[in-house]
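Next up: some structures, all given as structure tokens.
Two complexes come next, and they have one chain in common, chain A, joined by chain B in the first and chain C in the second.
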Partner chain A sequence: MVARERLAPLRGRIRRASALLSWAAWGTALAAVPARASDIIPVPDFTDYRVPISVPPAVEHPGWEWLSVLLLALALCLASYLALARRSRRGVYALTVACLLWFGFFREGCVCPIGAIQNVALALGDPGYALPASVLLFFLLPVVFTLFFGRTFCAAVCPLGAVQEVVAVRPVQVPRWLDHGLGLIPFFYLGLALLYAATATGFVVCRYDPFVAIFRLSGNFNMLVFGAAVVLIGVFVGRPYCRYLCPLGAVLAVCSRASKWHVRIAPTECTRCRLCESSCPYGAIELPTRPLPSRMRPAARTRLATALGLAPLLVLAGVLVGGLLALPLARLHPEDRLAERVLREDQGLVEGTTDASEAFRNTGRPVEELVADVLAIRAGFRLGGRWLGAWMGLVVGLKLIALTVRGKREDYLPDRGRCVSCGRCYKYCPEEQMTLGDLREQAEWESAETAEVASP
Partner chain B sequence: MPEAGRTDRRGFLADALRTSGGFALVGAGGFLVGRRGQEELQVWQLDPDKCTACGNCATYCVLDVSAVKCVNCFDMCGFCDICTGYFETNYWSLDTAAENQLCPTGAVIRRFVEEQSGQRFYEYTIDGPLCIGCGKCVKGCALMNGSMYLQVEHDRCVNCNECAIATACPAEAFYRIPANQVEIVKQSAIGVLERRGRQQLREADEDPQLREEGESLLARAAVQRQWRARQAGWDARQQGEEAPRGS
Partner chain C sequence: MAGKARKVQRGELHRPPGVGGMSGVLALLLAATAVIGLVAVLRVDNWGERGSGLSERFEFSFEELLTVDPELVGYRETGQVEVPLSSVRALAAVPGGGWLVSGEGAILGFDAQGASTVRITVTGEPTCLAVAGEDHTYPGRIYAGMPSGVERFAPGGESQGMWTAGLDENSRLTSLTVFEGSVLAADAGNRVVLHWDAEGQLLSVIGRPDPSRNIRGFTVPSGFFDVAMFADGVLRVANPGARRIEAYTLEGDFLGEWGEASAAIEGFFGCCNPSHFAILSDGRFVTAEKGIPRVKIYSEQGQLETVVATPEQLSPRLLASRAFREDQTTAVLGVAADAADRILVLDALQRSVRIFEPRGGSSDAT
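Moving on to the complex of A and B:
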């Protein structure tokens, strides 16, 4: 600040001097030159020196994003094949590590399918933004694959998932109530991220990406601390980011529920041996249900009716609260903060200026124009906030309904929403061991016994 | 369970839903992409006209040494002896001693070119690897010609989906531009590039290299004009759209 004040008179003096000089010497020549010509000292006429031309460096490897798209498609095919057809945990793990190395450490994380959601939202919300086809494919490929094969993307292709898959060495089971509760966060986060992307405020998912700093082996302090914390938690809680934060995980969980094929724990028939019960570090195995005793049925029915009745109320409450939250939500928009600051400066409520307010004043743009802009932004947030609230209400309402509905399951099955198709449970299933031949002796013994019974 | 080769009603409906959902997604995406005819990769550039050289570029980049560096547009440079982008305001003497230099890393290189009627002219080039993008020289140069400006270097930028500097930029000067546009130059530089290009073409005669340079300069200028015009169009349209809603 002090330096700037000291500079001001000097700046003026130099300006005036240079203007005088140039007018005196080159006045007529410069009259033809538009815009700020009076300030500019012209390039001298050199005798034998050629004025160099500065050329911007070329974009490196302009075709690489297409290679990445191709590799993403290939990796998704391979992941689906390994998880569903080959049922090979080792194969899935190897692919995970390979994808971590390529998409994570080599390509350094951007653009990733998780972030690409925001590019799509921005393209919907901002008429000035053109969505590159490669970025769109980065979003679409995992979604379409999930519609057919379940979350194989999460299992083996996503570099963020891969970091957590590799570090999950001592996973504990998260209590069910906590798991269900925290599992709602990705849906909220998704709504928030879409709102902020569509209003061109910023890409919050990228801003709070815990792993990109690890992939690049550099980053600001907050990013590194957050990344280290998530990795540390990930040692004891399987895939904390995927389960409790990842917005793409929320999208894929919904798609996975409708998937055509999905991994199964038992390759042939489930014998309900309970061996796989605690094999999943991500709490994605659903136990077989027992029919409810008849005396508890009326209470269950009431619960379901309450949940069904509550859902629309929650959506409505969300709309109301979301509308109220417009102003705090808009605070993240840089122009909102700028307008606030400029107005407070004008009213004398704060002293001094910030870089942003100074930059604004230097542009000479009228304050009224900025205020009008910000009012439009806030109007957008009022609408967006209502949608966000409705979405959150809907998510909670549907969750309550889902919790009260007792599905009829006779086998141990993966929860299609939460299962990432990592294949950890395969080896726990004796049927699997039998088909692999690891339990052959017993199988032979059994067949010998049946033959004995049948023969006499 | 459906028998082999046959699907039950539920399975059929689910299949239909899945397929139509998939097609809808791909179709909507294709529409989004096709609407603006944009399939190029996008890269970050800053608008030097908006830049205030606040110094955030040096500190906020995710790279250890920022991808933003200083560029000198020589055709706007005055080749001054007393360069306000090179010397401290209270320099001891007009030489290359470190205490006289504005640049904290000594990345601006001063080279004597010529003396004409007692006036000495110097060339100022930026040593790329040394430059940290702090913008001190840019601020200094802005007092005079403003030929020095900060710009994102493509060969260093890792092209984050959300640029950390763009988030921190007080002037909101960062833009995503199609990679084939390559750069954003100052508005005042467009005319300068054009003049230089035309001059090169006039002088070219039989020299294919000069002709090529001249043509590429004119092409660069044309791309810049296009971008400025489109940007102005967007701004006008956005304000036109939003003003009635806001008021």
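Moving on to the complex of A and C:
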């Protein structure tokens, strides 16, 4: 018995040694096996389909973004030079195509100055958001250039404008009443986009960008349909997105009215030949005005007074309506939707869960905390909704005033707010043709003929 | 000269065509296009409330995975012992027979018949347990993995102190095992196995990635990381992210591995399984999986031999309602093999220890 006990540890060691040897042989055989991807990324195994190991794209070098900023600045300089100094429609068009390729298809439409408005708004609304310097420049550069040269950014640099410029091959005039009415939408959209960005709800301008799916050659089916619809409309209606949706266009339209320099239709003196009258597919040419007959002046003054009196009332009405719309506006905020869903689930009003409510419950965060956050968000929307309503009222009021004011113009001039400096009208102007030499020979011949007739 | 004279005729003045007006038909077509575009935008499903739109082929369905061929089930449940604790966390077999269960504020001991033997009051919740066998320096000593270290208890339950050597703020002990003069613990936070002597002096750290020794390291996506020593002196470690069980010497040399990631019953399913395992006296492995809870037995070489408990047995609500929400709570929190090679399953949902024995065994005869 004692001998057996003494031998027991020895037997144990022998057994362990043999086990170690067998494991060592196994281990040696396996030593050559390379590491498997499934060691790192577990792959579900629902079907026979071999799920490829997804590799996240490499982080883009920040140099690309700064290169885009540099190219944006260069393109703005070139666009301003071509549109204002060289008056070259071909040059502007070539630059448009180049910018479409770079900022649109190569850079896939991001960062774009239109979306950058929202980054700026978010930075103003949320001190915790760090606004990248390159994004700030993407917003500021077009604004600064517009203050000096008009909307040359829209003319040749903006990739969204470029798509529409390229497809506008059969443009027709949009009735003035419709054009003015739809022209208010960008200002409303701007207010809405700023509200949603400042409340960290989302970047709606980017979400509903009709062209980004085209630039990236992939995207949500509905957005592809929307993009295709805008492109199709753009064949006949010049730049529909720029004129009736673009929030940056609204900002630049205001800046352009105060620009130091701006493109002109006639290079020198306008002869009021009317040849350019129907040249602009964007309805951005203002006709010369005649003095109003004295009998019509009292009525015009009454209209102006009415519009001036109506403007503050519209702002006030906007404040009231905006306050009432706070809750529907807040519905787009993900936290608001989540809280409502969670509460409905808790009350048994809906069956099952959504991914969002499931994720929320997995965090263990109390529902009361979520509700408190949402109440704070809704309070923000009540304030923001009033501001938005006031803004919309102001826009409508100013539009009414603008429609009643009769400007004094002797020449055919571009409407500084609406003109995108594309240069389409240049070639319609006889002065331009003269300057370019197209009519020089005719002028010389006419003067020679006159001299021959005059001489005996 | 004649050419020049012809060129300057007034009728040939270059005049590009202007932009014409919009016809009624065109206006109608454009309006229709605008409406289509608007409807498309308004119907964008920003919150995924209308589903993915993919066919049923891509549906996230567990149906097939929850059912197990009855022919494969070689065990049956022969007993169930409730654990009178508000929560249960860890299970360990006592070498002489019986088992220990830890939960909030206590460690409870049971004999082989399920009668309570000891209650040790602790602060907090022990996350793992081990009981020393006769081969250990201190037979019968209880080791408990606590949030702050490894606490020792005499067989009667008196605390004998705690050690923290090798632990840091990232440490999260999920499993303990004892062998001769060694105590080993799985540290899920640092993804290593710590090896101490019986006094708590750190001897080695096993499993740090070292390509020169063919050690790839452990992939531990969640807080499930189990270890076990067998009488052959080889350490087995569950590498849950790799869905494998690996073998190491106590010096940390990699010996081999088995296991395959698969939804089939033969493999380990999900992100990180097996969540727990134990070794029977003949060297076979008992594995427990979480997510789709199931307990199986594999041969020493890693071949599936039989199924001990099916998802239907361990989490019937999962099968009945498909309500994943309610059953995301881990159903199984540990497996152990007692001295009689009965399989003990710590059922977290029922807060009980469930006992499984082979079909056709002595208990079947009765």
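Throughout what follows, the second predicted complex is superposed on the first by the 386 of 456 C-alpha atoms of A that agree within 3 Å, B and C clash if a C-alpha of one lies under 4 Å from a C-alpha of the other, contacts with A are read in each partner's own complex, and residues count from 1 in each chain.
Heads up, the rule we're going with is that a residue touches a chain if its C-beta (ideal position, glycine included) is under 8 Å from a C-beta of that chain, and two chains touch if they have at least 3 such contacts.
Since the model is a prediction, treat every value here as computed from it, not as a measurement.
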Looking at chain A, does chain B or chain C touch a larger number of its residues? B
Report for A:Asp415: first if it touches chain B alone, second if chain C alone, otherwise both or neither. neither
Check whether A:Pro175 is in contact with chain B, with chain C, with both or with neither, and answer first, second, both or neither. second
Touching partner for A:Leu140 - first (chain B), second (chain C), both, neither: first
Just to be sure I read the superposition right, which of the two partners does A:Thr353 touch: chain B = first, chain C = second, or both, or neither? second
With the two complexes superposed on chain A, say which partner A:Glu340 touches: chain B (first), chain C (second), both, or neither. neither
Of the two partner chains, chain B (first) and chain C (second), which one does A:Thr363 touch, if any: first, second, both, or neither? first
Could you look at A:Glu277 and tell me whether it touches chain B, chain C, both or neither (first, second, both, neither)? second
Could you tell me if A:Asn220 is touching chain B, chain C, both of them or neither one (first, second, both, neither)? both
Regarding the shared-chain residue A:Lys427, is it in contact with chain B (first), chain C (second), both, or neither? second
In chain A, both chain B and chain C touch residues 15, 35-36, 39-40, 42-44, 46-47, 207, 220, 223, 334, 354-356, 358, 362
Listed in rising order, chain A residues that touch chain C in their complex are 12, 15-16, 19-20, 23-24, 26-27, 29-31, 35-36, 38-40, 42-47, 171-175, 207-208, 210, 220, 222-223, 225-226, 228-230, 232-233, 236-238, 275, 277-281, 334, 337, 352-356, 358, 361-362, 427-428, 430, 433, 438-439, 441-442, 445-446
Which positions of chain A touch chain B when the two form their complex? 6-7, 10-11, 14-15, 18, 33-36, 39-44, 46-47, 49, 51-54, 56-60, 62, 65, 108, 110-112, 115-116, 118-120, 123-124, 127-134, 136, 139-140, 143-144, 147-148, 202-203, 206-207, 212-213, 216, 218-220, 223, 258-260, 334-335, 354-356, 358-360, 362-363, 369, 372-376, 379
For a test of understanding, state which residues of chain B touch chain A in their complex under the given definition. 14-15, 17-18, 21-22, 25-26, 29-30, 32-33, 36-43, 50, 52, 54, 56, 60, 62-64, 71-80, 84, 89, 113-114, 116, 119, 121, 123, 125, 143-145, 151, 153-155, 158-162, 164, 167, 170-172, 176, 178-180, 182-183, 187-188, 191, 196, 213, 217, 234, 237-239, 242-243, 245-247
Using the touch definition up top, name the residues of chain C that touch chain A in the complex. 4-5, 7-8, 10, 13-16, 18-23, 26, 30, 33-34, 36-38, 40-41, 43-49, 57, 60-61, 135, 214, 216, 219, 221, 231-234, 239, 241-243, 247, 249, 253-257, 261-264, 267, 269-272, 323, 325, 328
